[in-house]
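After this come two complexes, each holding chain A, first together with chain B and then together with chain C.
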Partner chain A sequence: MRELFPAKQVMGYFFSLLLTVIALAVYFVDMSYQVAMTILLVTAFVQAGVQLVVFMHAGESKDKWSIYTTVYYGVFIALVTIFGSLLTLIWGY
Partner chain B sequence: MEFFDRFAVPNPTFTIYASMVAIGLTMLAILVGITYFKKWGYLWREWLTTVDHKRIGIMYLISALLMLFRGGVDALMMRAQTAIPDNTFLNAQEYNEVFTTHGVVMILFMAMAFVMALMNFVTPLQIGARDVAFPRLNALSFWLYFMGAMLFNISFVIGGSPDSGWTSYFPLAGNEFSPSVGTNYYMLSIQIAGLGTLITGINFIVTILKMRAPGMTLMKMPMFTWSALITNLIIVFAFPVLTVALAMGTMDRLFGTHFFSIDNGGMDMLWANFFWVWGHPEVYILILPAFGIYSEIIPTFARRNLYGYKSMVISIVAISALSFLVWVHHFFTMGQGALVNSIFSISTMAIAVPTGVKIFNWLLTLWKGKIEFTTAMLYSVGFIPIFTIGGVTGVMLAMASADYQYHNTMFLVAHFHLVIIPGVVFAMIAGLFYWWPKMFGFMLNEKLGKASFWAIAVGVCLAFFPMFISGLDGQARRMYTYSESTGFGIWNMISFIGASMLAIGFILIVYNIYYSTRYASRDISSDPWNARSLEWATHSPVPDYNFAITPEVQSLEAFWDAKKKGHKLFKGNYKEIHMPNNSGVPFIMCCFFFLLGFALVFSMWVVAIIAAIGIFSCMAHRSLEQDHGHHISVEEITKTEEKLGGAKK
Partner chain C sequence: MKVDHSQPLEYSTEQNRLNILGFWIFLGAEIALFATLFASYFLLRNGTGSGPSDGEVFVIDTLMIQTFLLLTSSFTIGLGVHAMRLGRKTATINFFIVTLLLGLGFVGVEIYEFTQYIDEGLTLQTSGFSSALFTLLGTHGAHVTFGLFWGSFIIYQLITRGLTPETANKSFIFSLYWHFLDVVWIFIFSFVYLKGMI
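And now, the complex of A and B:
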């Protein structure tokens, strides 16, 4: 019975509920804009990671390296795009 | 009547009315022709509903050639207008529309379609697969592209063409400065075609990673497949930026948001920034498959294996990463600080390194080879010097401080045409000649092919070299005329002559297709070029299921080693083959997309909602339908294989 129980998925479910509650707290608890944004960004990215690994089963197949390579590449491109745009249009302007 | 006023072209001239009549008559002629020859059923069964990657590839090819002529006529009109000073062939508004549609049509609807055509046709064959991973999605991709292209093209006669450049920079592209619906067409048609491209990207990554023949590891993939993989990776990462930017632009124009406006917290240069975050990788989306094609053709006709396969792979991966790090070089003069410009200047120059590695690898492949100058090889060899000239002037443009001199001049126009034409157009024509026998079972005429090469190669040099000089002398791009005292007249006249030669070259290619279809011998082997990769191991033209027996690969040049070293590709006996069913849903869904786009262009909300419901109904139909494909029996395979020239084992 034990191997049939999807412990990882159930834990993941509760963890993502927890992340949602923390993100929701930003609305109800009084805090500065910077702190609020930081909490939102961090919880959002952790949430995305949980979804990918736990519920979309990244890393459970033989070709997991190609999945992770693509994810890392995507993160790299996203960071370059965001910080590059900020650099060009705001910081370095 | 007021309702219909919006469909009128804002700046009508005799030419536009004549085109309306011509388009109307052509469409009528096509409809009558299909009905007269009773081809509706054939068209629907064999083409409109097909999910076969080979047929989809051929449809992309036909569309690309059509768009080549649409964009080519635009180019000729521009060159004719600027051939002599103070010309009045086109007025300023017409010139704006013509250079805008030339850019969009050539990049998005010609070059992209051509790349998709060859990628669709060749990649599954090269990896020994029966089709792409998601055949139905592949059909959807094509029809999205096709409807996007058609939507863009009708702008010419209904409502007016976009006129703010293919880059469509805000605030010029905003409602204030572009009040006509032209820019709506731009936003929506590219959005629709872009969705198709994004779907292709996902489809081909999965196909290449998951469906390779047994034994074909990543480092045993042919170079064209490698370039297709990297290209699609770039598509998946770059196109979402365009999708978002176009959605924001559409909302600015249709719903009065302020993403790219100058007031109310908008940021006008954000559009330029997003456009080039997509736009620069887009350049590599076009050029990498071209590099792949050259890497197939050069070894075949130099009779040597590709020099430096590993360094070729590393350089395309490096190019794909670097292509995302350089976009600011398209607007060095925007006013950002020296630090930003230096960073992007250096990253731009860095791209020249892996590109140079590839050029030297091709040269070293040719070195001591037994070179056979077929048409495909002529284009590939002609590409190297012309592309290099385009490339080194690119390095000149990459120097941010010097770019203040070149920016927005004809120098830039000369640079990117001398990169894109030998880089992409030469490759596509070379690929067309090279894979034509595989597609249709006969070869294109070599004599006509070589004539077209010389017309195009000389034409491209004549058309664009003079622009370096007039550009350095200060001729700005996108200006519809100039005065005689500037002295630009002679250079533009030479350009016009070159452009006319290019036109002759392209007409020769089409005549070649017609001539060869009528007269070429059908009695050719399945491997007429003595080539090296797997697509030549099956029959020409290729049967539905590609390979009767899935090939087993042991080396990089699987087919060459099968011929020369006696490796056995096809082991075992025929087995039943499982193939996907045709479906009309992608076509119908994309007709709704066309309607949606058209309705949004003219803000007809009720029609738009109906079209959107149509799209979602098609998606729901797909979710609920049961489609397990069909099986081709062993007897049927045996029969087909015998008909195609003996069972191949």
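And now, the complex of A and C:
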């Protein structure tokens, strides 16, 4: 039974629950908008990293390089799309 | 078909390895898809017209339940893949079943949440905010729903065919899809719900 619950994944799960609780603090604790957004940005991206490395085994095959390239490329496109839209249409430049 | 026994089953043939790489490339495209939906949501968030705004409709209870269900399902499918690598067929199937039940719970809570929004006068046609919100949440929810059907067929194949290089490969790819949906949810949880409630 024990071998079915590897320490790495159990730790990963508790860590992701912890990150969720920290993120929830922005709702339950009074803080400024800047502090809250900083907390959310950090917890969200760390959480995504935990999923990618611990659960999705992104780095284990010999296609590791191709896999990380396609993920980073996707994330790059995502950030440009989101922040580019905000910059040109909301924040002004 | 050349089977390499030094690798886990899901990587054991050339075809399997390429299937997994191909699925990662698909996920790269999915990241771009969800990015466009997030971008339109952030642009339209303040366009509430005469309808309710984000802070008025979001509820912390359903949000916490949904997040807990999806995070846990991501954990259990990870355990499923781990059991698969140990060659434990029954344990694999059980972990996959638990995963799908948690996913079903998630979709159930999401549907309940949508009916609450509609009761409060927030429908797809209410405002720019509501249409962007429903499109983003709906696309994610539709992916989870699709995953429930996909996962059920995978479980069926695991039961009838056992752990073969083929079924192990399919199960592993399904686990990648499921973890990806959890990652998307983390961003919805942080930058749609929590950001809207502070």
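Everything below uses one rule, namely that the second predicted complex is superposed on the first by the 84 of 93 C-alpha atoms of A that agree within 3 Å, B and C clash if a C-alpha of one lies under 4 Å from a C-alpha of the other, contacts with A are read in each partner's own complex, and residues count from 1 in each chain.
As a working rule, contacts are C-beta pairs under 8 Å (C-beta built on N, C-alpha and C of every residue); 3 or more make two chains touch, one makes a residue touch a chain.
This structure is a prediction, so every number in the text was calculated from the model and none was measured.
With chain A as the common reference, chain B cannot sit beside chain C without a clash.
By the touch criterion defined above, A:Leu17 reaches chain C but does not reach chain B.
Contact with both chain B and chain C is seen for A:Gly74 once the two complexes are overlaid on the shared chain.
Contacts of A:Gly59 after superposition: neither chain B nor chain C is touched.
Looking at the shared chain after the overlay, A:Ala36 reaches chain C, while chain B stays out of its contact range.
The partner of chain A that touches more of its residues, comparing chain B with chain C, is C. After overlaying the two complexes on the shared chain, residue contacts for A:Leu89 are found with chain B and with chain C alike.
In this superposition on chain A, the options for chain B are 56-64, 74-82, 254-262 or 308-316, and chain C clashes with just 254-262.
Residues 63, 66, 70, 73-74, 77, 81, 85, 89 of chain A are contacted both by chain B in one complex and by chain C in the other. Per the touch definition, chain B reaches chain A in the complex via residues 205, 209-210, 233, 237, 241, 267, 269-270, 273-274, 277, 321, 324-325, 327-328, 334-337, 339-340, 343. Residue ranges of chain C in contact with chain A, taken from their complex: 11, 17, 20-21, 24-25, 27-32, 34-36, 38-40, 42-43, 60, 64, 67-68, 71-72, 74-75, 77-79, 81-83, 86, 88, 91, 175-176, 179-180, 182-183, 186-187, 189-191, 194-195, 197-198. Here chain A touches chain C in the complex through residues 3-6, 9, 12-13, 16-17, 20, 23-24, 26-27, 33, 36-37, 40-41, 43-44, 47-48, 51-52, 54-58, 61-63, 66-67, 70-71, 73-75, 77-79, 81-82, 85-86, 89-90, going by the rule given at the top.
By the touch criterion given at the top, residues 63, 66, 70, 73-74, 76-77, 80-81, 84-85, 87-89, 92-93 of chain A touch chain B in their complex.
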